[in-house]
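Got some structures for you, see below.
In the two complexes that follow, chain A is the common piece, with chain B as its partner first and chain C second.
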Partner chain A sequence: MTRPPLPSWMVNLSLAVLTALLFAASIYIGRGGELLADKFETISAVDRDIAWLVLTEVRFPRALLGLLVGATLGLTGAGLQGLLRNPLAEPGLIGASGGAALGAVLVFYSGLAAGTAMFVPVGGVIGAVVALAVLYLLAGRNPSIVTIILAGVAISAFTGALTSLALNLSPSPYAALEIVFWMLGSLTDRSMVQVWFVLPFMGLGWLLVASTWRALDALSLGEDTAATLGFSMRSVTARAILGTGLAVGAAVSVTGVVGFVGLVVPHLMRPLVGQRPASLLLPSALGGAALVLAADLFVRIPVNGPELKLGVVTSLIGAPFFLWLILRTRREAP
Partner chain B sequence: MRLAVENLHASLGGARVLRGVSLAAEGAQFVGLIGPNGVGKTTLVRAVAGLIPFEGAVTLDGAPVSAMSPRARARAISYLAQGEGSHWPLEISRLVALGRLPHLEPFHRASPADEAAIERAIALAGVHEFVGRDVLTLSGGERSRVLLARALAVEAPLMLVDEPVSALDPYHQLRIMEVLRAYADEGRMVVAVLHDLTLAARHCDRLILLDNGKIKADGAPRDVLTPQNLRETYRIEAMIGEGDEPFVLPVRRAE
Partner chain C sequence: MKQLAAIALLLALALPARAEAPQHPPGRVVSINLCADILAADLAAPGTLKSVFRLGRDPGDSPVAHLLQDIPPNDGRLEDILPFAPDLVLAHEWSSPFTLDLIRRIGVPVATVKDARSFADIRANIRTVAAALGRKERGEAVIAEFDAAMEAARREGDGPTAILYQDLGSAVTPNSILGRILAHTGFRNVVTAENAVGLVYPGIEDVIALRPELFALGIYRPDAPSQANALLEHPALRLYRERYASEVDLPARDWTCSTRFVAGIAARLAAAHDTMMAEREHSASETSSLAKNKGVIPAKAETLSTSRVRFAADVQARSDQ
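Moving on to the complex of A and B:
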């Protein structure tokens, strides 16, 4: 990889325009490809308030959440790949998303989810924070990156096992089905209240991850060199891991698990903006948002049958793409 | 610039590696740090760079390095790790530009002064022909010179280099030594861990011979590379060439 073919501002601008278009489309296009204007014509003849309600309470939160979750996954994926210097790292690696999923599932399991729609994201965020606390305890005061990965894998495995246990013990098949469907990941029927709830966690997480951008560049040459270039590795690692955990935990707690976006998007961006980890952060955030919005448009196109789940679609797109990446790497290998 | 190390003790995984090292160096010079494997050369360099905890004092112009902020220390001391490499296929000038990170203000782009420093480092290391290429496509010798250019770009008054010429062919060894020599001749201090005694004898102003965590000899190359010192520390007999073309050729083990 020599110099990238395009200046990075051009890539970022194009991605921002693409994301804005998809955001608008997400508001404009409904189930079965139904267009907003047509719908409003029929509805507004009856009641303008209903039309306004559909727009602000159904379409807008869904599009906004797609944007936020996609940006979170893309940004943290790129950040984590830079921190760990491993192109196979993905945001779920550190265990926070497993913790968030478990927290949300426990809310379903205990029957609290029937109370208010807010209990699920609250449970998810608590789960993510607990997972991060356990990660901190396991990794110790001055953690090496290997310790963090091992602790993250252990937490992911354990939260996965507990989630399965909750499914196993669930009182009725309907409860189990509800949990499974939630875990498949979806943006459907989310409210603005949920968006407002997760936004501070995501915002803080983004800032923490973004604050490490120069250190990620320095880390290209290894931890010792980064330390002698003026970066405190302890602080950089803590910021990147905590930021990733908060943002991804919040994302999972409100949408369920949306796989492969954090893994694949940085790979899609590298040919466009070059290999420098810092220059990947913004394009990956924008690219992640665009990918999730596009996938969420895709799930609502079929008219009949159950709606596809977002996490299913992103994995269906992501996994074959990853295979193609492997084949390309194998071809390029000497 | 004055570097002073006083009564330095350091351990690696519970084992005492350095046991009371003291040295002082001032002004422009090219110091070679020599000694057999495992005597603490790398540990000494890493302690001075602030990478490992130690007991004793390391000061730059009187200021303790352990009390400096990471950024201030990074501007004062550049460090080229042994076998350093790039994890990503970075383009050469972007890799060399990483050396300017300690000088960049938050949220600011590289200034014209930074660009000039990058250009000087590229010119000094002679890596201009590789600009535009990806570092992972270069040969070992070319890559070492590019990574050295990254360390030069810091333009720190003190540069620590850990085994810069190991695993290189003679041509590239000489090129690296010439670059280090030129950097010192610009008025800076270079401390290099070296295994090749002939290169050390021919390029360095001063050699520090470490043995068993302590300084065995310190001085001009011809005073340090004596048959007795080589026998006692390296356990070798060597042919030693004096005069204008000094060399050290190990010939047999001394038992």
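Moving on to the complex of A and C:
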């Protein structure tokens, strides 16, 4: 194995600093590049309490959710790529995001969420876990790249179809429009309520995915070798999939689908920290957070007209990257 | 040469005849659009409306639902329309062009209403449908009624600032029909930008910075779960609404289609305007007396009028039902 070009602590530290800077910028820079100080002054003239609420319930949760969602997507992307030993694995591509979106939409618009908004993340988590479980059943015990991708495409298509059905049957044309907009992914105008809802699910999901780190390294030598080294494949797979479902389901249920982050980030990190799946997890989480925060800063630039949607921007970055990845994979393959 | 003259004569005779209203007013009218339903319910001669679009009978969408309960619904498809053997079909300019083309090809005349963006558009739609139904006098009567109702809701002067919040966190621009009603009833819309869609999407912090004194909530089916409701419950926006803004609900059935029923929206806004102006005077006199008696510097008048005003509009809503 080639030595990583940089010591991993250095990579992690610089990524953490970058993420912290972007986090601060996310709080400080508003729509159209307007700075927090100006806005704060305008609103303080009305009421200091409300200015404070704008800071703690509009700006702060937005930055925090960007951080949490980005970290979730980066971490689970790296985890899935390690687990499936497949550079194309990503929560969005293999159907987890689609399942989560379907679950959240069903819960929100069926009126179940009227009791407590807590049910929306639960719906997202259930949707994501079910989608991943189906993927695992479809792909079998020794999934080839093709099977995983095909099964993922099938699941994404099916959850997409069911979401379209929900759109089709929704009584209000506005509900249909809302679902479409929400599916594009956005961090705008969320509050701390949403952060508290998703935090336990994400935390648990992160721990489950992170707990597989040593097994992921062993897996890179092959499933049989990993089994000989004493890792139970069943347990490792279950933890990785459940963890991904919990974290991605919670993320999608609050922000909608933010695509391609989980795919792109591990690939950006590999040249920095090397190929070992275990050493990729933390940099990917930090890198994902930085990427989503940066993309969320980018969507605020337009002054007039509707804000760009975060998921649209990440997909615009991610889809060409995905194509380039396919080309490179083809070139490298004999 | 003679032939040519004959053709010219025929054309001269035929053209004005086509432009005129039908000689026999249609007796079997089918409407395939909610907005056309609402107009037809006002204008059609009793018994001539044979079928309406399904939403026209839904009380959540249609202000004339109670009048249409006995009329069979259709889903806007050609096969739904044919059994009624219509001699006139009423549709919207946005109805499926394929359906409209098929209807015209089987020789049934189609009258389309347009998406009304102004009071003049509302009158034009009434005239279009009234002419197609051969009931121009009835049309003019309805227009007179509409104009009178709008005149009663007119408020002049330097009124309170307002935002009209709609679904998806959108706010109406001055050039939309609801924006025009807002101005007509004496409010100053805090949204000044105009665009073709008639909606802008301000963020929560922008809304607060614009400092609207009235939140007019035009949410489609406000009881159903929606992102719009979720947005209004955001802690920052909720605190602002509680402390600084009056509120008025504008039922979607009165504005989804811009018909004469938007006068009901205008009446609600006018009532809100009157309440807020009365309160403004009240609090102004209170602060001046305070200042006189105790010699304190008066706080801003706005911060004193903190009570929420659900008021007259609710009373009216109850009397509507």
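Everything below uses one rule, namely that the second predicted complex is superposed on the first by the 264 of 334 C-alpha atoms of A that agree within 3 Å, B and C clash if a C-alpha of one lies under 4 Å from a C-alpha of the other, contacts with A are read in each partner's own complex, and residues count from 1 in each chain.
Heads up, the rule we're going with is that a residue touches a chain if its C-beta (ideal position, glycine included) is under 8 Å from a C-beta of that chain, and two chains touch if they have at least 3 such contacts.
Keep in mind the model is a prediction, meaning the values are calculated, not measured.
Q: Touching A:229, do we find chain B (first), chain C (second), both, or neither?
A: first
Q: Just to be sure I read the superposition right, which of the two partners does A:85 touch: chain B = first, chain C = second, or both, or neither?
A: Only chain B is touched by A:85; chain C is not.
Q: Given the touch rule stated above, what does A:177 touch, chain B (first), chain C (second), both, or neither?
A: second
Q: Comparing chain B against chain C, which has contacts with more of the residues in chain A?
A: Tallying touched residues of chain A, the top partner is C.
Q: If we overlay the two complexes on their shared chain A, which of chain B and chain C does A:14 touch? Say first, second, both or neither.
A: neither
Q: For A:193, using the defined touch cut-off, is the partner it touches chain B, chain C, both, or neither? Pick first, second, both or neither.
A: Only chain C; A:193 stays clear of chain B.
Q: Return first, second, both or neither, reflecting whether A:277 touches chain B, chain C, both chains, or no partner chain.
A: first
Q: Determine, under the contact definition given at the top, whether A:220 touches first (chain B), second (chain C), both, or neither.
A: first
Q: Which bits of chain A are touching chain B when the two form their complex?
A: Those in contact with chain B are residues 1-3, 85, 214, 217-222, 224-225, 227-232, 274-277.
Q: Help me check something: in the complex, which residues belonging to chain A touch chain C?
A: These residues of chain A touch chain C: 30-31, 39, 42-43, 46-47, 49-50, 53-54, 57-59, 108-109, 111, 113-114, 117, 171-175, 177-178, 181-182, 188-189, 191-193, 304-307.
Q: For the complex, give me every residue of chain C touching chain A.
A: 167-169, 193, 195, 200-201, 203-206, 208-209, 211, 220-221, 224-228, 230-231, 234-236, 239-240, 243-244, 303
Q: State the interface residues of chain B toward chain A in the complex, per the touch definition above.
A: Going by the criterion above, the answer is residues 46, 49-51, 70-75, 77-81, 84-91, 94-95, 98-99, 101-102, 104, 132-134, 147, 150, 154.
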